[in-house]
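Below, each structure is written out as structure tokens.
Here subunit A shows up in two complexes: once beside subunit B, once beside subunit C.
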Partner chain A sequence: MTKVFDTYPWLGPVLFVLAFVLAPLVPGGYVLYIFTLVIIYTLASFGTNILTGYTNLISMAGAVFFGIGAYGSAILTTHFGVPLVLSMFIAASIATVVGLLLALPVLRLEEVFLAIATLGFVMISVEIAKSSGDMSGGENGMGAPGPTLFGWALDERAYHVFTAVVLAGALWVARNLARSRFGRGFLAIKGSETAARALGLNTTALKLVAFGVCAFYTGLSGALYAPLVRFIDPSLFSIMVSISFVSMVIVGGLGSILGSVLGAVFVIGAPQLLTYLGFDQFQRALYGVAMILALMFLPDGLASLFKRKRLPGADAAQSGGVR
Partner chain B sequence: MLQMIVSGVALGAIYGLIALGIVMVFKATGILNFAHGEAAMLSAFVAYTLFKLGLPLWAVVPLTLLFGAALGMAIERFIIRRFIGKALLSSAICTLGLFLVFGDLAIWVWGKDTQELPSIFPAAPIDIGGVIVSGIDLGIVAVCATLAALLFAFFRFTRLGIAMQATMENPTAARLMGIPIKRIYALAWALSHVIAATAGLLIAPLTFVHFSMMQHALHFAFAAAVLGGIGSMPGALLGGVIIGVSSNLTGAYVSSAWKDAVPFIVMLVILILRPHGLLARAQIKKV
Partner chain C sequence: MRVMDDKTLPSQAPVVAVPGRAAPLLSIQGVRMAFGGIVAVQDVSFDVMPGTVHALIGPNGAGKTTMLNCISRFYTPQQGAMRYRTASGDVELLGCKAHQVARLGIARTFQNLELFAELTVFDNVLIARSMAMRATLVEALLGLPRQRREERTERERVEAVLEGLNLQAHAHAVVRDLPYGTQKLVELARAMALEPRLMLLDEPAAGMNNREIDALGETLKRLQASVQATLLLIEHSMPLVMSISDTITVMHNGAFLAQGTPREIENHPAVVEAYLGGGKSGKRR
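This part shows the complex of A and B:
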């Protein structure tokens, strides 16, 4: 099995893209819905990977940005009549600003401290969402309008393509970012923050940028999520959402594009597949077992199943060279 | 006001106990155990079953603690041992997997119904110098204080405790000194799960026995562990008390909606002022 992928390293990714291209052809909306969901979560997974896989900052605040993205886009389209695409961009930008503001006080915390401090943000934001005013519906949540593009309503298939295009654009930007001096800076911090600072890098600024990029991607992911499910409530700001983002990156593979995608497929797909196969009752347990087994036998993530495909910047850092 | 503080201390002491277990395991094996609360939940369910079988409470308690020890050792032996020394995040996600498994296990065995487990302490209120304290709260604080004293004595005066401390400080050196560190790892997990079982027994009369009874406490326990500085066991207890009291006071005087959020705001403020927690020494990093 793996031999085939060794001989043809492009086979894996091509099969992958093909699955997503062919997904709209499957009759019945459910399969398509899952595929669209995977695409949306991949965005968040990629944002988390930039923060955790590249810069080695552990953040549990993903749900905050995801929620802001979803609520922001829904509120802007419902109450202010902002076109959907613009609302997504604004919502993701708001998430970025919030991300930067939240990052400022906690940047000097390390590892576990940063993880739990950012977890605190989630606990606080969920209460804000619950007690917020009429616009967001408080604890009851609010409806989000379905997807539209320049005034035309998009059906499920069109929206699937739309999210795929957004993802492709986002990946392209991220790839270039990884190759820029920011990407190299992130990796330097991952290697050793003290050493990076000694080399004259402004590590505080770099960490802020990493946080901002993560917040933007995760916020965008939330903004894409709202029109898909058409109903959002404060449970978006739950720790389980944050945890699912982090597990996507860990299960998929740190610092790898393919890993981000595979992680999203696993985290979204595995529970759905288990439900589909009739393991409704033990869905969570089996998913947990699958997660433990994956980590036991593939400590470098699902991406290591295929030929090791690290992000372009990662190779440069490993060989010590900079292009 | 004083009453709220006392019941906050009692609640916080339980959070502190769970945090203590998390810190012990983290110090000994470098693993962030998200399944710790669920272990306490399973222990509470075991206690409930034993109680339903007609065993008296004085027999239920030691059997439950024994179950806790066995559970901790089993987790360490079969799953965690592979993750010791690996990256923090992958082991953390692994324990999250365990968290999911335990949750479903409890639903499968005991169902989704809420069960009752009586407290070993009398519920009758006791008047101490004008402050009315419930016997349960007083009992919780007493148990936590005793346990803390026992642990202190264990780490300070017994060979095993000192060996465990040595392993926490420097596993390689400890092994070279002839300390069987694998057994120390197992012991740390067993001990931390005995503490978790104790916490489960103590919290059960307050929250009732339910598959999601510990999820709330787990968030608070993590906040407590970090607040105290994740490397400090007394810090975990102190952190727990701070979290419990601030939560209770918020619920009483500000709004009950904010009692879950305010402890985290307190935690954030303390972390901003002291990035390594209250009682842990700041570590100097080598490059």
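This part shows the complex of A and C:
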């Protein structure tokens, strides 16, 4: 299995497009909805991976960025008549600014301390969302308009393809980032922050960049989510949302693009599949068991099932990976 | 004197020679570093002259590594001054952060290796070339021409550095998988890639056998000649120190003990006493 993917590097992306983008268009309906959801969450998974997998910063603030993205896009389209695509970009940018502001005071913290500190932001943001005014509906939440593109309403299939295109663009940008001094700087911080500083890397600035990129991707993910579900409420700012992002990256595989995808598939797909198979009652418990098993037997993530390929930028991947 | 800002790059221009006596590249004056009640470095002063190999020796616990950590600004001394000469004037290192010190052209290696163990040798060295890259974040995200051009040039530079240390064969090996001696060379290569004017080496020969130490001595001399960097090294291997050093500074119990040429130091009574524990001189209380 591993060898096949190393010999044909295009095989992975092609299979992904076939299985996750094109195939679900056929049945449509609920199946398609689940796959659109997976694509949207993969975006957040990428963002989290840049922060956690690359830079080794564990942030629990994912829900804050996701919620800002969703609310931002919904409010801009509903109340200000901003076109959807533009609103998504603005909302993700707002999430980025918030991400940078949140990161500033907690950047000195490491590992679990950073995780707990960022958890505080989630608790604050959910209260803000609940007590907010008419514009966002406070505790009751608000409706979000369905997807449109240049004035045309997108049906579920068109929107699915739209999210896939956004994901492809995001992937391309992430790849560029990974192969630049910034991406290597993230890996340097993960490897040895002491050495990174001794080599002239401004680690504080690099961590801010990582936070910013993570917030942008997660915010964009939220902005794509709102038009899909058409209704958002303060539960978007729940700790469970943050935890699901981090679990995607850890279950899928830290520092791996494939892992980000598989993680999103697992975290979103597994509970759905269990429900479909009739385990409705024990769905959460079985999902928990599945997660424990995955980590027990694949500590490097689901991606290690296929190969131990790093995100591009790590030289190992460029020179053929496994040897 | 000026304080570094992030944009300032280390100048590649040679130090302007002052007629008569050359000015020191680095001047350490009255540095004191204490951790709580423990004084690790006490009122230490010495000059490092440009273009020399300067060894910092002393028994374990003499404060040598602490001194190095002060210079590279991982530590902040409570007292003292550390003047560093650049082409555009003197810089007080106390006003710099660790990454700014590196950008001034001061590279270092570590006593216990600080490598990016999960990355390849090539990537380890390439990371050291980051500060030569000017492409902004946006240019990097979009893979614009300047980004791609820089990436190409710097990759070639890395090839050259690896070649200089005979590491080409290991270029794409993951550092973790390499033997200890090779890892030490990788750390040296990484420091070299900064194109430093001053290299701080913390026990480069530690853990090496005699043959490897001889080879290291040759390598260091060759490197120093080819890049005209100044070396400040901490080392316990006396044959190595004696064969490559121009000047030796001896520290003992956190204080400056003596300084001189290898020959002067070899026969210096205080140094002999510090190393042998003063048994013969009967000064024990």
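Here is the rule we go by: the second predicted complex is superposed on the first by the 297 of 323 C-alpha atoms of A that agree within 3 Å, B and C clash if a C-alpha of one lies under 4 Å from a C-alpha of the other, contacts with A are read in each partner's own complex, and residues count from 1 in each chain.
Just so we're on the same page, contacts are C-beta pairs under 8 Å (C-beta built on N, C-alpha and C of every residue); 3 or more make two chains touch, one makes a residue touch a chain.
Please read all numbers here as calculations on a predicted model, not as lab measurements.
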(request) Using the superposition on subunit A, decide if subunit B and subunit C clash or fit. (result) fit
(message) For A:I292 in the superposed arrangement: first (subunit B), second (subunit C), both or neither?
(response) first
(request) May I ask you to decide whether A:T203 touches subunit B, subunit C, both, or neither, giving the answer as first, second, both or neither? (result) second
(request) Please indicate which partner A:V173 is in contact with in the superposed arrangement: first for subunit B, second for subunit C, both, or neither. (result) second
(message) I'd like to know which partner A:F182 touches here: subunit B for first, subunit C for second, both or neither.
(response) second
(message) After the superposition on A, what does A:T194 contact: first (subunit B), second (subunit C), both or neither?
(response) both
(request) With the two complexes superposed on chain A, say which partner A:R157 touches: subunit B (first), subunit C (second), both, or neither. (result) neither
(message) In the combined three-chain superposition, what is the angle centred on subunit A between subunit B and subunit C, taking C-alpha centres, to the nearest 10 degrees?
(response) 80
(message) For the three-chain arrangement built by superposition, which of subunit B and subunit C touches the greater number of subunit A residues?
(response) B
(request) After the superposition, pull out the minimum Cα separation from subunit B to subunit C in whole angstrom, please. (result) 5
(request) Take the contacts of subunit A with subunit B and those with subunit C, and give the residues found in both. (result) 192, 194-195, 198
(message) Can you tell me which positions in subunit C touch subunit A when the two form their complex?
(response) 6, 72, 74, 97-100, 102-103, 107-108, 110, 114-120, 122-123, 126-131, 133, 135, 137, 140-143, 147, 151, 172, 174, 190, 194
(request) State the interface residues of subunit A toward subunit C in the complex, per the touch definition above. (result) 173, 176-177, 179-182, 184-185, 187-188, 190-192, 194-203, 205, 209, 314-316, 319
(request) Over in the complex, which subunit A residues touch subunit B? Could you list them? (result) 52, 58, 105-106, 108-113, 115-117, 119-121, 123-124, 126-128, 130-131, 192, 194-195, 198, 239, 243, 246-247, 250-251, 254, 281-285, 287-292, 295-296, 299
(message) Taking the touch rule as given, give the residues of subunit B at its contact with subunit A in the complex, in rising order.
(response) 26, 32, 79, 82-83, 86, 88-90, 92-94, 96-101, 103-105, 108, 219, 222-223, 225-226, 230, 257-258, 260-261, 264-265, 267-268, 271-272, 275-277, 285, 287
